[in-house]
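Chain naming follows the written order as A, B, C and D, and within any one chain the residues start at number 1.
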Amino acid sequence: MKLGMSPGLFDRLVHLFRVVNRVPDPVLKKLGAILMALNVLPSDLASAAGALLAPQSREAGVVFLKMLSKWIVEAHSAAREGKKVILVPFNFPPELIHAFDKAVPLTSEVLTTMGVAILKGQGERYWDIAMGLGLPDHLCSANTIELGSMLGREDFQPDAIISSAPGGCDVNSKIHEFASHYLDIPQFFLQKPPDDSGRGREQYSVYMRTLISQLEEFIGEKLTEDKLRGVIEKANRCTELYFDIWDFHKAAPNPVPNIFALFMYGTRFSMWGREEGVKTFEAMVKVAKERLAQKAYPAEKELARCVWCYTSYYYDFMGLFNWMEDQGYSHLGDGLDLYFPQIIDTSTMDSMIEGLAESAWNMPMTRQVGGESMSRSWTEDVVFVARELNADCVIYCGHHSCKQTWSVISILRKELMNQLGLPLLILQGDSWIKKMTPISVIQQEIDEFIKNVVARKTTKKRELRKRKKIKSDLQ
Amino acid sequence: MFFAGIDIGSLTAQAVVIKNGKIIGAKTISVLPHPVDSAKEVIDRLLSKQEIKWEDIKCAVSTGYGREKIQQEGLTRENISEISCHGLGAYTINPNIRTVIDIGGQDAKVIKVNQSGKLDNFVMNDKCAAGTGHFLEVMSKTLGVSLDELGPMSRKSRKPVEMSNRCTIYVETEVIHFLQQGVSKIDIAAGINRAMAERVVALARRVEPEKEIMMTGGVAKNVAVKSEIEKTLKVKMVKSKIDPQIMGAYGAALFAQKQEGAK
Amino acid sequence: MITVGCDIGSLFAKAVILDDDELIASKIVRTTGNMADEVDEFLKDVIREAGLSRDRIDCLGGTGAGADILKDAEFVESTLTCVGAASSYYIPETRLSIDIGGQSITSMLLDENGRVLNFMRNDKCASGSGRFLEVMSDKLDVEIEDIDQTVAKSRKTVAISNQCGVFAESEVITHVNNGEQTPDIIAGVCDSVANMVATQGRRFGMAEHYTLTGGVAKINFVTGVIKGKLDGTFHPFPFDPQLAAAIGAALLGD
Amino acid sequence: MDEIIKQTGVVENDHVKKWKDDGGRVIGYVCVATPTEVIDAAGLMPYRIRALGNSNTEIADAHMSRFNCNFCRSCLQLGLDGIYDFLDGMIETNGCDHLRGMVENWNYVKKFDFLHYIKVPHIVDEDSLKYYEEELRLYKKAIEKHFNLAITDEEIWSQIRRHERIRDKLRTIYEMREKDEPAFTGAEVLSIFLLATAVPAGVLEGLLDRVIEERKDNKIEGYKARLLLGGSATDEVDFVEEIEGIGGLVVTDALCYGSRAFWPHIGDKKESDPFKAMAKTYLEKLLCPRMFNDFPSRRDFLFSAIERAKVEGVVLIHNKFCDVHGVDNVLLRIALENKGIPVLQLEKEYGAAADIGRMKTRVQAFLERISDSR
């Protein structure tokens, strides 16, 4: 891994988060001090900080940022300490890597999202590097941006890549395969059999165990029961807190700040199973609990309760989450929050590895479109969450790269209507690149949808005048 | 001995007549719906200003979108792709040229030629592309300025607008919206040219462009786009001695001359 | 009651004047960058055309992407609401209205009061909008108004299958160069638009009664192809379908 | 040959009609990871789904999106249009996300009487091989159960041997197209292949023998360069014709509607168990970019074809929105460029007519480049 300042996405993030680390919590927290903090922070960070540290979520936002900075800086210094940096996709349980002393996980989608949210010029320049190689322009920007930064040889390079997308997403698997060949980085796999019979699940455990032994050999360290137990126990704590927040979501108006949807999976994909992860979840629970007690809600009233069935949009410096909340549109979570964690039995090595396999099996995307049917498991989950949290609409971001979801979205739409009578808004726009669809268009579509379709009864509309006798020549 | 090259593009048609390598006449018109009509028209308009008649042309080669039809009509002996023609044309004008950027109405191309002027490699836009002459044409219409003004005017721009769309179709309404908000045409034009340059650069990156670069095609006349590309690619474009827009037809004429020499 | 409806769309501005539900005047101009300055003049014109004076107007309703330039509008409603209102006011049985606008195709499910129950836009990158048709016919030197009579001369339909407007244009040029006849290519362009519209119609599952609005619905060949593809009864919009949103805005005024 | 071309032009060709009239049943399949030997062993007829360049997807687009590959939407269109109503069942494989979506929407709108899903691993390793082998047994059981018949190992072996004979005949045809004076054009071979996956195996052997006999002394002349065509699902004969029309003779290919489908030999494996034998061949030699850890074998397959057929230039195509080929073609392009082999990478809209103008300009320039470099 290349050290020092370079124009690469990861290295720029490291640079910024060193600064964040230096700003003491109280300074970040104190409302007045925020602005001050913004001034001392590089301007790139300012707009994102506005969203991440918005009053309604600040208590947790600070902890979340600190967690990410720890994660990033740790990975950066890992190389110096002779540790292995392992690049994983979002649908891989990072806690497994955390359980090794001599390895740290980095998640490409999280890096891309942070880069897009925080860095000046966002991801475009790294995307263009990938396009410059002749790669298709309908690839997954969530991966292509961070990997593009590596492909341009501007950025750090991981010691190995784990691909857990085979079976869940071709694009993701393919771009990781490309990077591993192009940069000559060893690649490991955890493939998902699209098989709902018990057979598929058993086979998945086999794959998981093979992967673990491959990793042990590569990292040069045996996975120890104690280290693993330590991580899993923290993961279990995160699981409890995850479901606390889940239950808060049921209250109306929604006491959980919209942006927590992002914080929740941001934590799942990075520091799940680490003390910092637990702290972030605790902070979120605290904020939600207080807001519930005060019956507080940022807008006058909650007009719509929206479930996002896949990803949200991140290219507008996280502004959309709070914009929705200001309009009275509650964001009850993304498809990426649908990883339904479970308490893992820590009694034996074997039970813990089984538990890990189970969590991986239930990771977002893997669990839904990675199922035997791309639409069935996905529909079941969305219907379940919509019913549980009594949502009154579902929104699909329509990232043009997500071919698996796009190919069955019409089935999801029909099933939502048939089973719950819920409307689905199908948006179209790249979640990480602003040049596909401007955020103003996205906002307008959401507005039109909610005012016309979702909140038709509550929003005051002009009445169409009574029909006069229609002239026959008109008929 | 006279040789002719005819380049029927999607927006404009050019004809060039050469005598041992030297251009003795050239003409550009905007295309008629049918390529053969365009070809006949441009030839007539060209020859009307010369003492030579079509019969005096020893051999002619056609290129551009209409190249095949023209040949089938017997107007030319052969048809050669615009990529080869622009390559040879640029190389003949300056043998140091190794990379040619040609932005036509429908296709943007980056062409590499070797030390003997032969086609080495090339890339063309097949992605979501604002990088075509058509894009600029539509935009200048929307802005209500002529295509030639688009470049010069943007030099006065202080803060070019940022286009929030990749797609030509959507950029068009974006421009209308900017105008409605009273943004100055100068800044919009600058934004358009920048967007254009960005797309071309992204394409050029696919074949490592070498230092000696020449830009051909109508867009080469757009100073703003040209300098934007120079800035981002960190190169200095070699200036063409002839009108860059007739490069394709010139190259075709050179091929016609080769043909004759060949037999 | 005299009401004015004004729709500032992405390509055209339309204004109508209704005397109750009778259309007494209408005007359509291409939207320009200076629309903001020209809009007052534009409204004056249409009022003059109706032989009225400004003070006779009871209400001005605005709609369309650019409606924010209508300073003295009493209200601005979304195009969805307006098209829905207009469709179901004049054609009470319509439950589906497909609006073919300059930028996109929108299908709307309507309730018996003309309220929009649900709506869906066509896929981005998908040809079929009014602008698409304009660009293509412009390439072929055919005025939008003349499309029907041009197509009447066609002997076959040349398939246009590119979904990207930019590439579809290359496709058209290729057909020209292959010696295909203009009427046959225009027929192909219309056919591909009609396909997109039909697809939009199918997405919700067809309603028993539907109508088509927006400029493209003026072209009989297009509506004809659509009718042939979709089940359900087609009811032509009683006025110029390009005016539907403006008329809706006027109908919602009081 | 003419007869073959005529039959290839339609989905339900005369051979299928006759087979159905004689009471035969037809099973559709969507990708090369389907061991059709088993279907034949059951006395059923395997039929490889195709779209034949159909570019109208008006009905399909109401279900899949325009961000899905147009080839899959075309197949779905034909399915929903009733063109495939002659099928008595369908074997699904997870070839790619678009393909899965195609079958899923098809079945959602219009239930198949019989649909079985073979889950093909994406990785070549011991674990995957065991799993896939068991998948093939389940696939056999599913056919036995639904059609209420028994498939013996002996029958599968004899079908494997018959398919080996067919593979050999197809290889012979490739040898004839690849030699210095090719006996077939690329368009003709594509037609042959398309028909080969759409007629009863019994009929096919005779067909291939006749066409080999007919063309044994044939010489294709007057072309500008010898090309290899590789990439996405390409069943558009007229697209290949257009390329050859401007002088680029396709002397070999690396297409799944081509060599990739029949090149590997099952006989190569000394196995007693037919399922082990099929599993090994169909997984380890799949040669499809939907596999994520065996790029080298795809690259080397390309290299050896180039050598065999004295290829002067490689054209790598992928349909718009095809993820696996879109990415793989870049790796292949880089590998070829490093070897100094001219390569042209094309992204095209499916449906031959759609992009032919743009494609021809590129191919013609590519041919000019090749002749320049001579």
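Just so it is clear, contacts are C-beta pairs under 8 Å (C-beta built on N, C-alpha and C of every residue); 3 or more make two chains touch, one makes a residue touch a chain.
For clarity, every value in this text was computed on a predicted model and none was experimentally measured.
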item	value
Chains touching both chain A and chain C	B, D
Most distant chain from chain B, judged by the mean position of its C-alpha atoms	A
Pair joined by more contacting C-beta pairs (B-C or C-D)	B-C
Whole-Å gap between the CA centroids of chain A and chain D	38
Interchain centroid distance [CA atoms averaged], chain C/chain D, Å	44
Whole-Å separation of chain centres (CA-atom averages), chain B against chain D	40
Touching two or more other chains - residue numbers and ranges from chain D	62, 65, 67, 347, 357-358
Numbers and ranges of chain C residues touching at least 2 other chains	123-125, 170, 173-174, 177, 203
Shared-contact residues (touching 2 or more other chains) in chain B	65, 106-107, 127-128
Arrangement of touching chains [line / ring / star / complete / other]	complete
Chain A partner contacts - residues on chain B that touch it in the complex	123, 127-128, 163-166, 174, 202, 205-206
Sites on chain D touched by chain A in the complex	62-65, 67-69, 72, 94, 96-98, 100-102, 104-105, 108, 117, 119, 121-123, 125, 127-128, 131, 134, 289-290, 292-293, 295, 318, 320-324, 326-328, 330-331, 333-334, 345, 347
Partner chain A, residues of chain C touching it in the complex	20-21, 75, 77-78, 80-81, 85, 88-90, 92, 113-121, 123-125, 203, 238, 251-252, 254
Residues of chain C defined as touching chain D within the complex	123, 125-126, 159, 161-163, 167, 170-171, 173-174, 177, 195-196, 198-199, 202-203, 229
Chain B residues within the chain D interface of the complex	65, 80-84, 106-107, 118-122, 124, 126-127
